[in-house]
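Sharing a structure with you now.
Note that the chains are named A, B, C, D, E and F in the order they appear, and that numbering of residues resets to 1 at the start of each chain.
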């Protein structure tokens, strides 16, 4: 049995689309902050390339903090932990990049993630989103999981165009080329309930 | 000969359920604190995924310290050591997550663990409990070890329903979906005898 | 489908030429700065030799900071991250050296990279550019990607001379022997839009 | 030719029982202190599980320093080195746990180890002693080495009961279940000659 | 095509003789300084033994700084980077020891390396030079590269004596037994152009 | 051709006896000090067990500094480098322990090593010397190298007794059981020429 979309109550939890040897599936990227010295910890039985995605997302955020509305002082005051359940499944590849980026920006801004959205796409340090593979399988998994909106790289539109129309019913697609598009589409302006005040120090 | 449940006299000792190549067994998660700088050490001949469970439990606690009633200042003042006997047996997988979480919260709060309870389940950073495998074998091992109550992910209920009723006699099941449920069910309000005063510094 | 040259709007993004098992291709070297303590992070599924190129470029810049017009104090105040998309493709070899050098000097000086130029060549610590392999395949890839100018080691001229004239139409070649030539040819005097003031501290 | 028991003149030297591919043997655990910052170094061609025993012993001592009569301030002021001769023989497994524990407590308290005693048993972080294998071979080795008293986990009594009475002549057995029993039985109240004053700073 | 000797304009660049699977060749050892905390970085696709040569050279210089006329304070104020082009060729073995030593002393003293000299020989921590293999192939490569003088361990003289006289024409041999001989022969008294003032701090 | 004994002019250089796949040989242990923070570096293409010998020697010296007449403050003020030529030969095993110990004590006391002595033996942290293998081959190598005196573990006397008398002519044997014996026999009271004043700070 496959995973289901749950809710968007918590900052830093974002739904991604994965393509594993047993087919498409959704996966969750979770991230948390704790007082610390700026360390990044990554868990979830991940391979080297997927761990690199987390590093790229973190560095992109650090070097674009002003544009993203994040006080850069907080990077040195907190440790960040990114986790990808489920531990028994090895995971790798660059396609969770947009999901990790969204998770971390949600975490640092405490903004709520859009409801019922899932995403897949590689990220780059200069802010581009790159296309990824396994699109058809990922779309089918998204439907099973009650996802309503899907965010993809615009270069993946050709993969969607090849899928029969009946499989796409009920899904809205957002095609993006830049990481700023990802954040505009995936994050709401609203803070999560019980949002943490990262600048003020009440954490 | 299999292990037996012992007692709940010491903070940080929690009984888990394991599934090894020789069948089901119980295992103990033990944790201790010593004055230090916030390092986490993990021993017990553990594989990568099981070590990650310890990291996830620790980070969950750090980022939810206020809700858990733990003074976050103590994380930087103590080293934590988590050990899983028996060293001759290699162990891996995510299913000791709930057990590690309970062990660490017992340690940091010095609250007594509930008597005769055992548990199995994967944990996530956002506070969910995920289902695990080998349920039937684990239940049989629990009975042999004189366990009375068992804590499981609610998605594992279907596995229990498939076990013959006679094997379940004398066992109470607690199905949980959230890590807060785990702690409510597994920890008593009572402090252990000779509880350490972690905030005051008499350690 | 192969990559296309994009633009030169961002500091630190430079187009290189790569030779992979599926033929020639262009690749991008991206680099960013974030407040830090002088750490260098390298991602992109790179092998040991390609990572060493990044170290060589960084050390060359540090030990020639005055000639390059870079305030050496900034090296200890920022972390540098170099990324080479695309994560799914393993990459190795020394031929991205000139591209990494150009990327980092553009980053530290905030100077704009020349439009429509691509490059390939090994770098050395004493400032020489060394020849590399796969030139024919790289040139064909450059044309497909709408590259106009190509920067190569002068010892690679013989490889160009062996390519049929019709394949070279529309391409301008720059042959270099020293890393100072690379920077003169590849970087404009112009700062990028929204150039960061690295010395002043408004970052 | 097998090793012989030597003497108990030096703090931190304790005799253990080992089971190697060439049969039973005795081994020595040696430990020393030097001024430092609390580092633990372990040598002797040891495998991962045997190194973990040293870590468990150390952490048990740190978190029970008050009960053991050790000033916890000294842990941060000294480095500890544990060595297991003989370097040409690879060693592994958890059975030297009690021996390492006794060695370290002797070291930190400068108490003399009991004469002519040898031991084997796994240790846990919660203070239990666990049974180990190879008991018959270890007992025969102990006799050859002129050992008089043997300390074992009480769950290993069944293994002793299966050994012919004639092989046990001249040996006294101490069965323990807790690590506090180990220390009571294995350490004398007497300090070693030229005991170091660890608290006073004359080291 | 093989490498050619270039010039001696830059401090820290020294020509060595290498023996690879495709025969003899010359190689360059390059080193640079940058403000730092005394770290040593080594690149060039080198194996463990060749990296150790760099460490030995560095430690020899540190512990003989006074004899070498180097202010020992600078070791802690600069990072040293040693690179051996060409990255695509794996390199190993101890024979670049004398070359690395000469490179580093040239770097720390800013003295010019003698013109048209190449060298090969293992170094030791006590200051001896040891013989190495592949002498005949290395000599032929030196001639092709327009080398005029060759520095060797005196124990390698027997290898030269076995080479036909006609191959040695135009080459001068310097046989050394001690590392002080190496430096006397290979370094001029003259500083390089634009020599850096390492003590004064204008770097 | 095999190595020859050289001289005893330099502190920290001691002659050991090795048994390699091509038979017995002598080897040199070299050590140096440089201003630092107490780091130990070990080179010479050594395996894990041989590196451990260096650690054991160092820790033994640190914890017995007073008896050895060494000011313990110097351990934190200098880095120590131990090297074993020749880099092309992989070396391992515990038998260089006594040689490393002697080298380091000579280094820290600047005492001259006895002339024409060679040694082999494992060391322990409690100060015992243990027997080693390959004695016959080592003795023959020592004679070829013009060694006059040989230091061995007393438990290796039986190996000497099995060698034909004619091979032992001209050799004096010293059998030791304790590391203090090693130092008494192998180190003279005399300081080396140009001995460094480690306590005074003129280094």
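Criterion: contacts are C-beta pairs under 8 Å (C-beta built on N, C-alpha and C of every residue); 3 or more make two chains touch, one makes a residue touch a chain.
Small disclaimer: the values here were computed from a predicted structure and weren't measured.
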item	value
Contacts common to subunit B and subunit F (chain labels)	D
Chains touching both subunit D and subunit F, listed by label	none
Label of the chain whose CA centroid is most distant from the centroid of subunit D	C
Angle of rotation relating subunit D to subunit E [CA atoms, steps of 5 degrees]	120
Distance between the centres, which are taken as Cα means, of subunit E and subunit B, whole angstrom	59
Separation of subunit A from subunit B, taking each centre as the mean of its C-alpha atoms, in whole Å	30
Multi-partner residues of subunit F (at least 2 other chains)	none
Overall pattern in which the protein chains touch one another (line/ring/star/complete/other)	ring
Traversal of the chain ring from subunit C via subunit E	C, E, F, D, B, A
Residue ranges of subunit D in contact with subunit B within the complex	48-49, 52-53, 55-56, 59-60, 62-63, 65, 72, 75-76, 93-94, 97, 122, 124-128, 130, 133
Touching residues on subunit E, where the partner in the complex is subunit C	6, 10, 12-13, 28, 30-35, 41, 43-45, 79, 81, 83, 85-88, 203
